[in-house]
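Presented sequentially are two complexes of subunit A, the first with subunit B as partner and the second with subunit C.
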Partner chain A sequence: MNAAELQSSLVASFRRLEQEQNHRPWSPHHPLRRRALEAFQQLGFPTTRHEDWKYTSLAPVLRYPYRVELPPLPEPAALGAQLPALHGMPPVQLWLLNGLAHPEQLPAQVRFASFQTAGDSVPVGHILPVDSETFVALNTAFAPDVAVLSWRGHVPELCHVAVVTAPHGEPQLAHPRLSITVEPHARAHLLVGFHTAGQAPCLTNFVAEVSLAEHAQLDLVLWQTDPHDTFLITTIGVELARSARLRVWTVALGGALLRNNLYIRLVGPGADAQLFGATMVTGRQVIDHRTLVEHRVEQCTSNQLYKSVAEQEGTVTFTGRIHVYPGAQKTNAYQSHRALLLSPKATVNARPQLEIYADDVRCTHGATTGALDEDALFYLRSRGIPESRARALLLHAFVHEALELLPEEQLRQRADELIAERAHLPAESLS
Partner chain B sequence: MAVQQDDILQQVTSAEYKYGFVAPIEEEIAPIGLNEEIIRYIWERKGEPEWMLEWRLRAYRHWKTMQEPRWAKVVYPPIDYQGISYYAAPKKRHVRSLDEIDPEIRRMFEKLGIPLEEQKLLAGVAVDAVLDSASVATTFKEKLAELGIIFCSMSEAIQKYPELVQKYLGSVVPYTDNFFAALNSAVFSDGSFVYVPPGVRCPMELSTYFRINAARTGQFERTLIIADEGSYVSYLEGCTAPMRDEHQLHAAVVELIALDGAEIKYSTVQNWYPGDREGRGGIYNFVTKRGICLGKESKISWTQVETGSAITWKYPSVILKGEGSVGEFYSVAVTNNFQQADTGTKMIHIGRHTRSRIVSKGIAAGRSSNTYRGLVRILRSADHARNYTQCDSLLIGSSCGAHTFPYIEVLNPTAVTEHEATTSKIGEDMLFYCRQRGISEEDAVALIVNGYCREVLSHLPMEFAVEAQKLLAISLEGSVG
Partner chain C sequence: MEPILIIRNLRVAIEGREILRGVNLEVRPGEVHAIMGPNGSGKSTLAAVLAGREEYEVLEGTVLFEGKNLLEMEPEERARAGLFLAFQYPVEIPGVTMATFLRTALNEIRKVRGLEPLDPVAFLKLARERMEWVDIDPSFLQRSVNEGFSGGEKKRNEIFQLLLLEPRLAILDETDSGLDIDALKIVASGVNRMRSPERAFVVITHYQRLLNYIIPDFVHVLYDGRIVRSGGKELALELEERGYDWLRPDSEEVILPTVDER
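And now, the complex of A and B:
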């Protein structure tokens, strides 16, 4: 199968779903879905000739005859045991199983609604226009559900959403979708984990639209540690109102091909966005981060720190753009990508970009690529630490920097353990 | 001499574009349009050997299959490639000595301040002047010939040194490289050719002055510089054009080849007509410049000061093939009014222990757009390669744009790359400090800008550095307040 064949098979699936379901329960958003499908037909799947996909070929992803119809769903209760990646993690409060929402015990101040129940009132496409990109269009056309979470007031507990794609013997394409609102002055902590259960190849095409009202705060952790050879594409759009504050940590360690699109729009003065990424690739893994931070109004700040390690035949790509609109004066934006390239067959690509249309701004970016610091290695060895261990320590310290500010102790520790495991560092040396 | 130089400075410092005159020179212009007939016409006019015709036609046929690149951050209406003439040359050619050159041409180059006459020996610059499509005069030939250095027009080189031309022409920029390189390969009419023999250090700066004079023509020159083992050459390039309401096309190709231990220093002060304050007219500058460090320990250094052109699309590159070779790129790009520049460099590291350094200073004023676009690619074979990139942008005024689009591709774990970029404006405090000391606002801006560009300007040869500084001041005139 190739991209064109997959495209027409998906279009055929859409028509079939339309008839089978007799426009239910899709009806409220049916015209929107149709528009999205048209956009998908027009845009097609991107190739490496597409500037945004220059370094990541989707060919290995698009060769399977994915089905989009929902397979029989596993029991959420049983899933916990099936997914080793959930060990040592906080309890799951909301499952998105092949895109369908199953809420468990959510904190009291977090309101939950879903497409299945709330229908019309669910906002779709308000932050990510349905026809803007192939994968957003595809998700809009096929998402079986939209899980809506909204926070009111200060909620200290972490809310854990587990996105699980569970194929049933056949290659599966899942379209989970979240819509998140943090109301004025509210504070939210959200963890979104991506998992797969089952043997067949699967592609998860995740979309989230997030809106932060005035003075709202959100800490978002994206947990991508799936041990299977799966494909994951995420697109998250966040809009920040006046003085809102966003922090995102992306822990990207697992999967065969991973692409994260993170689009941040600062629309109220005083808004602040901080993006952090810890990435390690090994084997033939491909991890591709794309960020876009739009400073649309004055006096906003943003900061990006991505740390990546490429081993064996892995590829890490980082494309980050800071876009300062005309009139967005007093902007302060910073972006940094630092990468370690540890094998002669690994690859690091970086495109740190600035697009600036206002003059009273401070924007800087930096990008470095290199090997481990020989001096630091020598220092450790001269103090009696064997080379392999010294390497592991340095590697761990390098990646850890991106997670230093992660407030949840439990997550930070778990991430540290995973990073240490990757760096071949015995866990006991962490304490 | 001193008076002459002062006069040039005087001319250069006054505000409007000073090179906007048209010289009344009789010219032979090819019919408008582009087809195989026109290519034959150019080939015949130039009396080139058979292999050149084949080469040109191959390039033309390939060009027809190509699409104009659209990825650059520049906006312009579609160019009608059939609406311009691809060849224009002064009618009186075949001059034996410089005295026989059309006095109009001489007067024009005098106006431009180009020391065409040999008595200006003190200037110490050997000049090849290219008017529209044809090279009109080359000075200091004999003196250079004594050392075995060949410095002549491209057409002469095709006649006299076909083996060198055949070996190297298109070896760095093949006609399949890009749309504009293919077009250039098909229709190029002249340019400069330099060959420096082994172990020779060229005693003077070689210089070419490009000028578009005729209306509705494009200029397509081609420059080829070969530095043989252990040689050194410094080459300067300057360009101007008359003021016209229409846009004119300039699509040049420059190829540099450095063999073992050779060094080529290529400096450009580009001052094509940038268009008027409303953005009418100006040159479209689509240039492919590339050098290859073929030999061990060779070095290629590009220095450019870009102040002119309505649109600049230019990425002087270095392919670092020889072990331990070095590539450098120093650039100042200034845009004002409605100018658009998308410029930068490519450093392709192939050999071991290769090093490259990129220093780019962009200055945007008025409603212009100034983009740095650069690629650093470190291939698997480039052990211990090193790159350092710094690109700074300075914004003057709130309606301009400054953009940075670097591409960094690293495939070797022993390589180290660093990239840094900043964007800022001229600080109020700096301006205040200068004004306090009685320096007018415009002079203060010029002072600060010159300081900001110093790192690049210091790499220009003396004569050019002075001109470049003045040029910066004029380009930014009227952009403050």
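And now, the complex of A and C:
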């Protein structure tokens, strides 16, 4: 199969689903779905000729005849035990199984709704226009459900959403979708983990629309540590009102090909967005981060710190765009991508893109790619530490910097362990 | 007693330039040797080659450490065998805490000494005690290695590591430079505390000042890649008075090095 064939097969599936309505809550958004499908037909799948996909070819992803119909679903309870990546993690409070929402014990102040229960009133496309990008359009056309979470008040408890794609013997394309609202002055902690259960090839096309009201705060952790050779594309759009505060940590270690699109819109003065990324690729893994931070109004701040390690034949790409709109005076915007390139066959692509249309702006960006610090390595070895352990310590320290501010102790520790594992550093040496 | 360290006719080049041009030295347990010499004479090069830096090219010569061929050993093997270098310029390592670094190092060294690894609690206790000896606050254990340390703190940190790892032979490369008199005394007292009949020191310094506090048994002058004179502690005072120029190989008073006259 190739991209064009997959495209027509998806269009055919859409027509079939339209008639059969196998997705239960198909109808409320039917006109929107149609618009999205049309957009998908027009846009097609991106190739490396598209500026935004210059470094990441989707060819290896698009060669499978994915099915989009929902396969028989596994029991969430049984899934938990089946997913090794959930070990040592907080309990799951909401499952998105092949895109269908199954709430468990959500914190009391977190309201939950979904297509299945709320139908028409579920917001879709308010942050990410349905016809803007291929994968947003596809998700809008096919998402079997939209899980809506809204926070009111200060909820210190972490909310854990597990996005699971579970194929049933054949390649599966899943369209999980979240809609998140944090109400004025509310504070939310959200963990979204991405997993696959099963052996067939999977493509997970995740979309989340996030809206932060005035003085709202959201800490969002994206947990991408799945050991399977799967494909994951995420597109998250966040809009921040006055004095809202967003922090996102992307822990990207697993999967065959990952692409994260993180689109931030600062639309109220005093809003602040902090994006952190910890990435390690090995084998032939491809991890591609694309960020866009739009400073639409004055006095907003943003900061991006991504740390990446590329080993063997792995590829890391970071494209970070900062867009300062006319009139967005007193903007502070920072961006930094630091990478370690540990093998001659590994690749790091870093592209800062700045578009600044205001004059009273402080904006800096930096991208470095280098090898491990030989002096540091020698210093460690000169105290008796074997070279392999010394390397591991330095690698771990390098990546860990991106997660230093992660407030949840349990997640920070678990991430540390996973990074250490990747760096071949025994866990007991982290004290 | 058998020497801990025997250096014979060591010639070392970097980037095609010969820096050490035939160094000879023997160090026995219990001894303190001072190596003095003007800037650029090759003191740090000697220290780095002994510790195992790979960018130096050994052209000729042998180095025996407790009878073993030191030049064939990896840097970490040298450390585990009991060699320690206090760096002239200690390296900052962001993200690696002192505690992680030194517990890992100490346990590696304990392993070859046939000792059980120290758990975090036992390590902390020992580390705190040794930090007190050189007046370093225990909170430094949670800081990244050397990151943001002042010049003096870095030097005291080197001595702290010496106290913790208890090597057989310690090489101190200009540990005195940039220290005020109080810090100098702290460093010296740390070293003196470690002096023992089993342990030896090679103290590299530019000035005689440190040698008022760490009294050497022997003083050697390294000049342009060779040890051009060796003597007792009085030699340091003479150098203080007369400088190094009179020892220039082309000066009349030159005394060619001989292999250990003791």
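The criterion applied here is as follows: the second predicted complex is superposed on the first by the 428 of 431 C-alpha atoms of A that agree within 3 Å, B and C clash if a C-alpha of one lies under 4 Å from a C-alpha of the other, contacts with A are read in each partner's own complex, and residues count from 1 in each chain.
Here, a residue touches a chain if its C-beta (ideal position, glycine included) is under 8 Å from a C-beta of that chain, and two chains touch if they have at least 3 such contacts.
Being a predicted model, the structure only gives us computed values, none of them experimental.
Trainee: Should the pairing of subunit B and subunit C on subunit A count as a clash or a fit in the superposition?
Mentor: Partners fit side by side after overlay.
Trainee: On the A-aligned overlay, A:A397 touches which partner chain: subunit B = first, subunit C = second, or both, or neither?
Mentor: second
Trainee: Comparing subunit B against subunit C, which has contacts with more of the residues in subunit A?
Mentor: For subunit A, the partner with the higher number of touched residues is B.
Trainee: Report for A:R362: first if it touches subunit B alone, second if subunit C alone, otherwise both or neither.
Mentor: Only subunit B is touched by A:R362; subunit C is not.
Trainee: Taking the superposition on A as described, I'd like to know which of subunit B and subunit C A:R381 touches: first, second, both or neither.
Mentor: The second partner, subunit C, only.
Trainee: Touch test for A:G327: subunit B only (first), subunit C only (second), both, or neither?
Mentor: First partner only.
Trainee: Contact-wise, after the overlay, does A:L354 reach subunit B, subunit C, both or neither (first, second, both, neither)?
Mentor: The first partner, subunit B, only.
Trainee: By the touch definition at the top of the document, which applies to A:N2: first (subunit B), second (subunit C), both, or neither?
Mentor: After superposing on A, A:N2 lies clear of both subunit B and subunit C.
Trainee: Considering only C-alpha atoms, give the closest distance between subunit B and subunit C in the superposition, rounded to the nearest Å.
Mentor: Minimum over all C-alpha pairs of subunit B and subunit C: 15 Å.
Trainee: Hey, which residues of subunit A end up touching subunit B in the complex?
Mentor: 51, 55, 326-327, 329, 339, 341-371
Trainee: Inside the complex, what are the residues of subunit C that reach subunit A?
Mentor: Answer in residue numbers: 51-53, 74-76, 78-80, 85, 87, 90-96, 99-106, 108-109, 120, 144-145, 161, 165.
Trainee: Show me the residue ranges of subunit A that touch subunit C in the complex, using the header's touch definition.
Mentor: For subunit A paired with subunit C, touching residues are 373, 375-376, 378-387, 389-390, 393-394, 396-398, 400-401, 429-431.
Trainee: Which of the residues in subunit B come into contact with subunit A in the complex?
Mentor: 71, 380, 393, 395-425
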